[in-house]
Amino acid sequence: MYYIDLAVTGISFGCMYAMMSVGLTLVYGLLRILHVAHAAVFALGAYATVLAANATGSLALGFLAAIIVTPLFGMAIYRLLYEPLLGYRPDVPMIASVGLLVLMQDAFRVVFGEQGVTFRRNAFSFTTFDFYGVTVSAVQIALVVTAAIVFLGLHLFTTRTRIGVGWRATVSKPRIAASFGVDPIKVRYLNFAIGSALAAIAGGLVALLNNLVDPAIGFVVSYKALAIIVLGGLGSVRGTLIASLVLGLVEAYGTIFIGAWLDRDAIAFLALIILLMIRPQGFAGARAA
Amino acid sequence: MLRQRFKSSASGAKALLGFASAVVLLGAITATPALADIKIGFQVPLTGPAATDGKSAQIAGEMAVEDINAAGGVLGQKVQLVTYDDQAKSDQAIFTANKLIGEDGVKLVVNGSYSASGRAAAPVFQKAGVVMISAYGVHPDITRAGDFMFRLVHLGPPQGAATALYVGQTLKLKRISVITMDNDYGQATMDGFVGASSKYGIEVVNKYSYSLKDRQFGSIVASVKRDNADGVYATGYFFTGGPLVAQLRAAGITIPIIGSQAFDSEKFIEIAGPAAEGTYIIDSFDRERKDEALQKFFAGFKQRAGYAPEGVAAITYSAFKLMADGIKRANSTEPKKVRDALAATKDFPLLEGNMNGFNSLHEIIMPIHVNEIKDGKFKPAGEIDDLNAFAPPEK
Amino acid sequence: MSAYTISIVSIIGINVILAVSLNMISGFCGQISLGHGAFFGAGAYAAALAMFATANVPLAVVAGVIAGSLLGIIVGFASLRVRSDFLAVTTIGINFLFVGFVRKQSWLGGEMGISGIPPTGLGAAGNMVMILLMACATVALSLYVSRSWMGFAFRAVGEDEQAATTLGIGAGAYKLAAFGIGTALAGLAGALYTFFTQFITVDAFDFIFSVMLMAMVVIGGIGSTWGVVTAAVGLTLLPEAIRFVNDYRLLVFGGMLVLVIRLAPGGLAGLTRNLFDRVRQA
Amino acid sequence: MSAVLQLDDVAIRFGGVQAVGGVSCAVEAGDFVGLIGPNGAGKTTLIRIIAGLLRPDRGKVILGGIDVTGDPTSARVRCGLALTHQIVRPFREMTVLDNVVLAAGIGYTSEPLRALLHVSRRRESERAAAILASVGLAGTERKLAGALPLGQLKRLELARALAVSPKVVLLDEPLAGLNHTEASKQVETISEVHQRGITVVLVEHNLEEVMRICRRLIVLNNGIVIGDGEPREVMADPVVHDAYVGGGMVTHAEA
């Protein structure tokens, strides 16, 4: 039972990481930018969820607010920060992005306070189910289900809809896609909008799970998601999903078995560095090379 | 590359200049000092990971000084607060300590910050002959720096030892799983608990640790569940303890949970919600004590900060009150005299209750209060007053 | 000179060494490193252990330099294997690994850090003079390197590795050299920091600190020694001089980083050059 | 005469494709060799192997008598090989002169420590200026390389190759993308290079020019050498002819 409990923990971590990182990997795939400020988008999503939910008394409205606000923010980042920097080498927008994250994190502190915000009513957080001795919380189930829906939806969107196919084509072969009438600029905005919305959902769920949104909430995302998308072979959605789940599981077991000499954050990077030394191109191979 | 496009940056230059001058202007407005007679230095972490506690400490410090001045000041003089952000970092602490000494000519200081700051600042103040009261820095090094150093919080190890006493004798729990927060406070307190546990017949079933940034404890929760212990003791802050307790309870773990001092915040109850019920918090201050100063502080702080004061706020407030009292008894602001007056403190009323005094190392001697969360409120759950059981180290 | 002035000058000196050394790696040679704090920390811890073992200042400096550069050369080897944007993530990873590892090592004081490090015996003012001398030496070295054939080759490697290779420049050897020199200097800064504080905890060497250093390099003008020195001095003094900056330190630094990259990618150095060009034209 | 560049049974496979299948040849000092072949014949792969960008599955690359098969590009350059890229790769943020000075400083830059210990660039600057003049780029020294038009960049590429004092230069399509006038100028320069005693290996699509200036022709098809010798004789060989016509490449070989 114990190991199953750990696995449940690991899988729910993994789903959470996957939703945090997928936006990052989409941006990288399209623009070759390490969008570190994605973590600020995630944090904004968490704040929007909790604040709107507290104001309206409805969790659904909270999430709705988050997936309206964050895509706008994400697209604004693209328009105001990245677009003018596209001509430079990729380090340049990345450093700007780090700057934006630091700025936003401090801005959250100044605006929403050091203490953080909690849900006023959050029965959801404290609901659990027992499956033959394995305890699963409602939020964990929500995480896994949402992640499944999101990734399935993303898959369908990019294979079945016109705009989705155009999007995927733009990511892999921008010139050809453009010649078939796909507007690459529109695709970029779409990319930021979808990636940001997913981060917002992840943010809202993490807020529920912790029942706390503090200014540091995005910080963990910023570096762990970076490790994940590199592990996943930058730009690969499937690789990101796999890397997230693997990392979630490694952390769930690792916290117990190697926690005595390395802390949890370092585990992700240890895995990352080992992998990069063996396979410099990441899990999913040469797709982005 | 970056160098490539500097030609197009004329507009950038203007924007930067504009920004810089705006900053300078703002600085000029806020930097004008008010003249006052007795300066008390104040180091608090206003930015960085410790900002949560720093903010509370800052508000409490300001309130204390206002209250002191409203009551006519000390020795007929007003008290002026000189506050610096130390980011709870050692280099910034040294830096601001030197600034307090050199620039502001401060002779008396309250360090309202974590150990990393207090440990670094203590030798600097000691060397300069400046009295420092560490409000809530728990590392032993602080008072070991010398005789100008005082501490108003119980050291980590004595807190842990007192917890063991309470868990073993009052709660009568035998098998305990322990969860340590990975920072100096969490570790030192846990060391005290584990060291004293055998004395009270406690068996530590398993030890776990987490980092300050963790908010999800799935693995630890699953492990605690498997341990099948009689109770859980965790060190941490309210923002880690809240999610931890919520997740332990959510996993169906119903055994008693004992939390360390820094769980002490209304926010803890807010975060953990109904799961907070029944949690014991060791060295948490008694909010119901019939004490006018306490109730006034409570109301005032809440109004000012928008949230209820936690232990950190109360102890910082008390530190200023004690400093003022020391000056009064010394009848001088001369650091040496204030130091001697402080060392001789007897039965001084802190917000948390009466302190007995300081020992030879200027560590506080005072019973430890325990709260239990009931109906979403802090309710007294006894005092640990066997002072010998958790006596701090002597010189 | 007041104790305050001494300590601020000391910190400025240390930051100058760190920013200039990072500029050698990221500015001269184009290898973006966001984990400079790790090398700084390695130097600080090594120097602390050396001070406990021998109380010999030169030895502790050497220990710091060696520890910094050893770790740096390991990372340098990693940089040979990974693409440039992977390198940034790898160096972030090194920073987190360093912090995460030291946190759990009781022989390094774990969370408690190491305190009571024996003093250098030079006093605060003496330490400051030593730090300043080292900072000047670092700046001189940086200026020299940028003028030497090595600096020339660094620029080539930073701009186009493959093209450099076809001119007989072994890009790998130069990347290693850049990491080796830059991180040795970071180790030196670590040793000096240890002398200055006599107390170290691992939090002082975290990722955010590395970002601050990168901010100094970018704001100063990546690749320009004088620009970076100016930024290191300015950004250290700014929070001291202006209360607003002190209270909203990260807000201001983050904002400046964004604004500079967005509006003046050449940093301070670029702005001055630009101004100079215009004056000349007028 | 001894071989400055020798290939010994060089072969490489990509997945299921034998891109180069056992090429052996020797280039004598002072020779002027054209390497041609239809698209997909393995020319680019072979050049990348010679340059050290790819490692062959078997066989050896020997430069001036030294086996360099395992060495990186930079080491080969130090052994006397110079390269120009098909797609120009100048250091765009350096001046034209600096681009060449850097190449001329190979004596220093080949060794980081030596590079660290030397500062003066006077001699190299003078040499670089002379080389620039010899390729017809006099007057552009102070411009940023990124600001030059393609025709001049191609010549800059050549100037850089010359500045490393090579024994043999490997020119990868130095005429591609140039208009007629520019191309014939470039051919002239290449001839001058050869007259200075530098061995030239030229990979070029422009068969007309290749036939005109090369002394020897090596023809690749499907990864193997199908013709080697005096240009006219080689092109008269029916095997070569078939390969070209079969490869869909209409040539002016007989013109």
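Just so it is clear, A, B, C and D label the chains in written order, and each chain counts residues from 1 on its own.
We adopt the following convention: a residue touches a chain if its C-beta (ideal position, glycine included) is under 8 Å from a C-beta of that chain, and two chains touch if they have at least 3 such contacts.
Nothing here was measured: the structure is a model prediction, and the numbers come from that model.
*Asks:* Please work out which of A-B and B-C is bridged by more C-beta pairs in contact, and write that pair.
*Replies:* Top pair by contacting C-beta pairs is B-C.
*Asks:* Using C-alpha centroids, which chain lies at the maximum separation from chain D?
*Replies:* Most distant chain from chain D: B.
*Asks:* Closest chain to the overall C-alpha centroid, by per-chain C-alpha centroid: which is it?
*Replies:* If we average C-alpha coordinates per chain, C lands closest to the whole-structure average.
*Asks:* Can you check how far apart chain A and chain B are, centre to centre, with Cα atoms defining each centre and the answer in Å?
*Replies:* 34
*Asks:* I'd like the Å distance between the centres of chain A and chain C, where a centre is the mean of that chain's Cα atoms.
*Replies:* Taking the mean C-alpha position of each chain, the two centres sit 31 Å apart.
*Asks:* Which integer distance in Å separates the CA centroid of chain A from that of chain D?
*Replies:* The separation of the two C-alpha centroids amounts to 48 Å.
*Asks:* Mind pulling the chain A residues that touch 2 or more other chains?
*Replies:* 88-89, 92, 106, 260, 263-265
*Asks:* Which positions in chain B are in touch with at least two other chains?
*Replies:* 1-5, 47, 182, 211, in rising order.
*Asks:* By residue number and range, which residues of chain C touch two or more other chains?
*Replies:* Within chain C, the residues that touch at least two other chains are 103-104, 159, 208, 218, 248-250, 256, 261-262, 265.
*Asks:* What residues on chain B touch chain A, complex-wise?
*Replies:* The touching residues are 1-2, 4-5, 47, 49, 51-52, 54-55, 182, 208-211, 213-216, 218-223, 225-226, 239, 242-243, 246-247, 249-252, 267, 270-275, 306-307.
*Asks:* What does chain A use to touch chain B in their complex?
*Replies:* Within the complex, chain A contacts chain B at residues 1-2, 5-6, 8-10, 12-13, 87-89, 92, 106, 109, 113-116, 118, 122, 125-128, 130, 135, 137, 206, 209-212, 214-217, 219-220, 251-253, 255-256, 259-260, 263-265.
*Asks:* Tell me, which parts of chain C touch chain D in their complex?
*Replies:* 144-145, 147-150, 152-153, 155-156, 159-160, 162-174, 177
*Asks:* Show which residues of chain C lie in contact with chain B when the two form their complex.
*Replies:* Interface residues on chain C, with respect to chain B: 2-8, 11, 30, 103-104, 110-113, 115-116, 158-159, 193, 196-201, 203-204, 208, 218, 221-223, 240-250, 252, 256, 259-267, 270-271, 273-275, 277-278.
*Asks:* Give every residue of chain C touching chain A within the complex, in rising order.
*Replies:* Listed in rising order, the residues of chain C that touch chain A are 32, 34, 78, 81-86, 88-90, 92-94, 96-97, 99-101, 103-105, 207-208, 211, 214-215, 218, 248-251, 253-258, 261-262, 265.
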